[in-house]
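Worksheet: the structure to be examined is printed underneath.
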Amino acid sequence: MQLTPLKCITIVSERFLKKEIIELIKNSGAKGYTITDAVGEGSRGIRASEWEGKNVKIETIVSDEAAESIIKSISNEYFANYAVIVYTNEVKVVRGDKYI
Amino acid sequence: METVLSNFSSPVVLAFILGICSKLVKSDLEFPRPLYQSISIYLLLAIGLKGGVELSKTPFAEFFMPAIVTLLLGVVTPLTAYAILRYIGKVDISNSAGIAAHYGSVSMVTFLVAISFMEQKGLPPEGFMPTLLALLEIPGIIVALMIPLALSSKKGTLGKALHEVVTGSSIFLLIGGLIIGYIVGPVKYISIEPFFSGGFQGALFLFLLELGMVTANRIRDLKKVGVFIIFFGILVPVLHAIPAILLGAWAGLSIGGVTVFATMVASASYIAAPAAVRIALPDASPSIYLTASLGITFPFNIAFGIPLYYYLTTLIMG
Amino acid sequence: METVLSNFSSPVVLAFILGICSKLVKSDLEFPRPLYQSISIYLLLAIGLKGGVELSKTPFAEFFMPAIVTLLLGVVTPLTAYAILRYIGKVDISNSAGIAAHYGSVSMVTFLVAISFMEQKGLPPEGFMPTLLALLEIPGIIVALMIPLALSSKKGTLGKALHEVVTGSSIFLLIGGLIIGYIVGPVKYISIEPFFSGGFQGALFLFLLELGMVTANRIRDLKKVGVFIIFFGILVPVLHAIPAILLGAWAGLSIGGVTVFATMVASASYIAAPAAVRIALPDASPSIYLTASLGITFPFNIAFGIPLYYYLTTLIMG
Amino acid sequence: METVLSNFSSPVVLAFILGICSKLVKSDLEFPRPLYQSISIYLLLAIGLKGGVELSKTPFAEFFMPAIVTLLLGVVTPLTAYAILRYIGKVDISNSAGIAAHYGSVSMVTFLVAISFMEQKGLPPEGFMPTLLALLEIPGIIVALMIPLALSSKKGTLGKALHEVVTGSSIFLLIGGLIIGYIVGPVKYISIEPFFSGGFQGALFLFLLELGMVTANRIRDLKKVGVFIIFFGILVPVLHAIPAILLGAWAGLSIGGVTVFATMVASASYIAAPAAVRIALPDASPSIYLTASLGITFPFNIAFGIPLYYYLTTLIMG
Amino acid sequence: MQLTPLKCITIVSERFLKKEIIELIKNSGAKGYTITDAVGEGSRGIRASEWEGKNVKIETIVSDEAAESIIKSISNEYFANYAVIVYTNEVKVVRGDKYI
Amino acid sequence: MQLTPLKCITIVSERFLKKEIIELIKNSGAKGYTITDAVGEGSRGIRASEWEGKNVKIETIVSDEAAESIIKSISNEYFANYAVIVYTNEVKVVRGDKYI
């Protein structure tokens, strides 16, 4: 089985940013994404959506370039005012060419 | 005084207190988010539908003046709130505008508790009150958010925030319900009435249980926001209620109607406003505006405000 | 015409339209999945229970002919749908069979809206209609899925698909409810009646709100499926309704019963059938069969079909 | 015998059987967890509220003896259960204590089914029964968990387990409801009564459907637990019911009250107790205690126990 | 603390395939799995379960051989007609011998 | 964009342990965590929370030392009597210094 090495970017943010982040990653070249509901705690205290109790965790499998572009955009747009964590991870993907 | 005490033996107020207690004793009680969402949908549709049905029976003339007065207060209250925050409290522009948006808008649950309260007193308000609720929900947020724009040359996120408020699920369901109720009319409404009327008070009971739990979390943050905000959260509602009582009475509302109207004006949004402010003024601190509206003003209104506004209304009207 | 207009002021139809609007204005209204599931469970049990209780009071003779006619149409309608798709529309075998399975089966919500409609007209259908619903749900799917098997030498996933349909939660709850209702009888049913009857129309209202939201997504795909499928989705229901009206009247059903029966036969499944087709015919395209049944036929039936079938029924019967 | 048969045509018992069947036929029916949680919250509040309202009308004297008797049995039944497990069954200390905690506590649903059963017989129990439920829920767990502590020098997780039980959502909602109901009283209760009374039996119906599904999973584990536990799960409830009938009658309860009281004492907890035992005795095996209480005793009581206790009560009380 | 290097396979698919994929991974030698509800978007447009709004994300920690076998089976059975993404990831597992 | 290599620890356990594990990882130096609801199957049969149908999956991004400490504590406290799986994974984190 042919496996393609790609980046998996994970973004956990307040629920409220979901729509915008999805748009952002699509514009950066991601071919797809997967979202799960999450709750969490971090450095930031209370936030607007907190009392609804939920974050979202967005994962997207992308090429190295797309990864860099996504990280840059998110850092610029959201790090100052919103609760967001972003990390990447090396994965091997089946039918990887679909996601580049 | 007596009214306040009797308010404390009302089921919905006790549910609210039970919710607060559940956090105090660290109970593992968990209110599933889908239940919370479902009850929101239910309550908003129910008040919309009932309001729409009532509206279809109300002559336009009777409704006209209260509507005008509502819009007027929707424009004025965020400005007074802003002025107090900015010039007395020395709060910065963003936070002043952010908090003002909350106090210019309205809290659906406070509104409902006020209706419950007046119905138990045998003085139900006019049937078109939900329409006033819808009219009051939006303008205050817009006016408040426009302040920083008018003052500085900020980037235009107001449009996005506005879209968020207008299409936000709470305003959408309320107005959708109003329109459907209006079209459907009293006869066709009968089929869905048992569902939307019979269960209403019970659903409100559950909702206040949940809000009590949320409020308890907010109350913990009281120490973070400072003494000025605490005073603000108690005094501004009363300050807003007074002109509301005068104007409501002048516009021809009944005692029940005036009390509920004053409560609406005195209440602070904690659903529509936070979402809009988060978008338009990301540097305003949610700890402050949520703690003020949800941690101070909301419980104050539920426990003391409503009986107080009722008392003031009877003083003035009768 | 008048009936169509009056249909548009029915609460459930308006709820459906509100759901569509929520997508058009891009409201952030979200219908929690557990609420959707809960209402499904509730509605299926409620119609099952009520149907079972009614059945326990119905003499077998009265029920026999309608049941036979139902099974007959359950076998015939997927074949006509298949023939039209394959030979007029030139659709390939898998997709023809896949779509035919949907039109051979039945849509619970369309059925319920038809009952609502006739009750508001003062012409409630026979109490055993839910039993006919159960009888009609399965055969159409089986017949349609067997076509490609009969034509080619395909691998035997039919068994798996069949198990999926028969044990699928919708058929399980409907039949479970029927049996319980039948055993329990009218007297013991009283204790659970307020829950299952009183709230019924309201729950249906919420369900149609949600279905409106889903349908709106499907309508967007209309352009993808081509003009033939659009015509198919509108004309085939009418085509199927006509023999249903004739046979229903012949079998002795009342005007209300015939209208609801015709609506059942004209409706297309969008829950049981998709699940089964996905298993048995994985190469049939969900975009086509879901758009046809949910994006075209469902709204057509809700808005225009039901009044039309009622009109045709009165022409023939009365 | 007749009573047993008639019990099998009760809606809630049939719902339970339907739930079991759904697993037997491998239906894909899924009961959303939030619905399960919501119904739990609803049922607990509803019985608490109703019980509190009734209590506010009950003279203390009438309630005193039943309360004493309840506490007494709450202390004795875990000890008898422990003794039987440890000395007849040769079960090890942890597992004996763990199981005993379940049989010392109480199952809310079994309690509710017993009330349903007696209401259908026209012999409703006293209104303060929910208070007895609350009194019985905790002591049995504490007594049982203290046994291994008394015997060995175990580390003090009892405190943590105790906090878990007392603040666990079930006891919290039950007692919270009782207090609110007591404060609110019969008049103010009216506003929320349609919600909490009208829907009650229907909600219980859904809850038993879900419990049937869960029980079916547990029943599969029967072979793992051995024959002794199966006998234990059937005989000990009957053994506990007998003194409960005698003491209940002696304390002045009506026939309905005695039957429900005996059912409570005979029932085994499967919500509060497992949580506490998991903390205090992590080496006790959940397969054993859950299978016993949920897989054996629960269905036994629902299907056979309640009619049996009723029969024994009529024998004794006349 | 002893950590065993193993493969973590992540499979995101339409909800509808859940039962079958679980069976498949068990037969391929997986000793356990963890499932979360997810929503997502990918190359494939509409699908049967789409209007129920949910995918599932299945994760299983397995040996290299089991990983290969799982990937092969899923590729053969589902890639043609269903919406599925599969990728692997190197992880270090505590008490790793339990999962081989 | 500056990325910091850190450890992502994933813990899947019966729901019931949620509170305790969160406390444990905070005490071990984690600056945050993210939780998702999960269901799963493993070596262990039935458990107390099983009939409520849910596990939790806790993920926390931490330094190597914190990772080691978390793994040790969880192994000591829960492995004997509870259903728990723990594994680690190398990730690259944006603004990584926040999480050390």
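Lettered A, B, C, D, E and F in written order, each chain numbered from 1.
Note that in this section a residue touches a chain if its C-beta (ideal position, glycine included) is under 8 Å from a C-beta of that chain, and two chains touch if they have at least 3 such contacts.
It should be emphasised that the depicted structure is a prediction, and the values quoted were computed from it without experimental measurement.
Undergrad: Going by average Cα coordinates, which chain is farthest removed from chain D?
TA: It is A whose centre lies farthest from that of chain D.
Undergrad: Taking contacts as defined above, which has more of them, D-F or B-C?
TA: B-C
Undergrad: For the two copies chain E and chain A, is the contact made of the same residues on each side, with over half of the numbers shared, or of different residues?
TA: At the contact between chain A and chain E, which are copies of one sequence, the residues are largely different (under half shared).
Undergrad: Please flag the chain sitting at the greatest distance from chain E, going by CA centroids.
TA: With centres defined by C-alpha atoms, farthest from chain E sits B.
Undergrad: I'd like the Å distance between the centres of chain A and chain B, where a centre is the mean of that chain's Cα atoms.
TA: Once rounded, the distance between the two centres reads 35 Å.
Undergrad: In whole angstrom, how far does the Cα centroid of chain D sit from the Cα centroid of chain E?
TA: Centres of chain D and chain E (C-alpha means) sit 41 Å apart.
Undergrad: Can you work out the whole-Å distance between the CA centroids of chain A and chain F?
TA: 20
Undergrad: Listing for chain B: what residues touch at least two other chains?
TA: Residues 32-34, 198-199 of chain B touch two or more partner chains.
Undergrad: Spell out, as numbers or ranges, the residues of chain E touching 2 or more other chains.
TA: Expected reply: 36-37, 89-90.
Undergrad: Show me, using the given definition of touch, all chain pairs that touch one another.
TA: Applying the touch criterion to every chain pair yields A-B, A-E, A-F, B-C, B-D, C-D, C-E, D-F, E-F.
Undergrad: What part of chain A is in contact with chain F in the complex they form?
TA: 10, 12, 36-43, 55, 57, 68, 71-72, 74-75, 79, 85-90
Undergrad: Under the definition above, what is the set of chain A residues touching chain E in their complex?
TA: Per the touch definition, chain A meets chain E at residues 1, 3, 6, 8, 31-37, 61, 89-95, 98-99.
Undergrad: Please output the residues of chain D touching chain F within their complex, sorted ascending.
TA: For chain D paired with chain F, touching residues are 33, 36, 214, 217-218, 221, 224, 270, 274-275, 277-278, 282-283, 286-287, 290-291, 294.
Undergrad: Can you tell me which positions in chain A touch chain B when the two form their complex?
TA: Chain A residues touching chain B: 16, 45-54, 80-82.
Undergrad: Would you mind writing out the residues of chain B in touch with chain D in their complex?
TA: Going by the criterion above, the answer is residues 9-11, 14-15, 18, 21-22, 25-35, 116, 119-120, 198-203, 205-206, 209.
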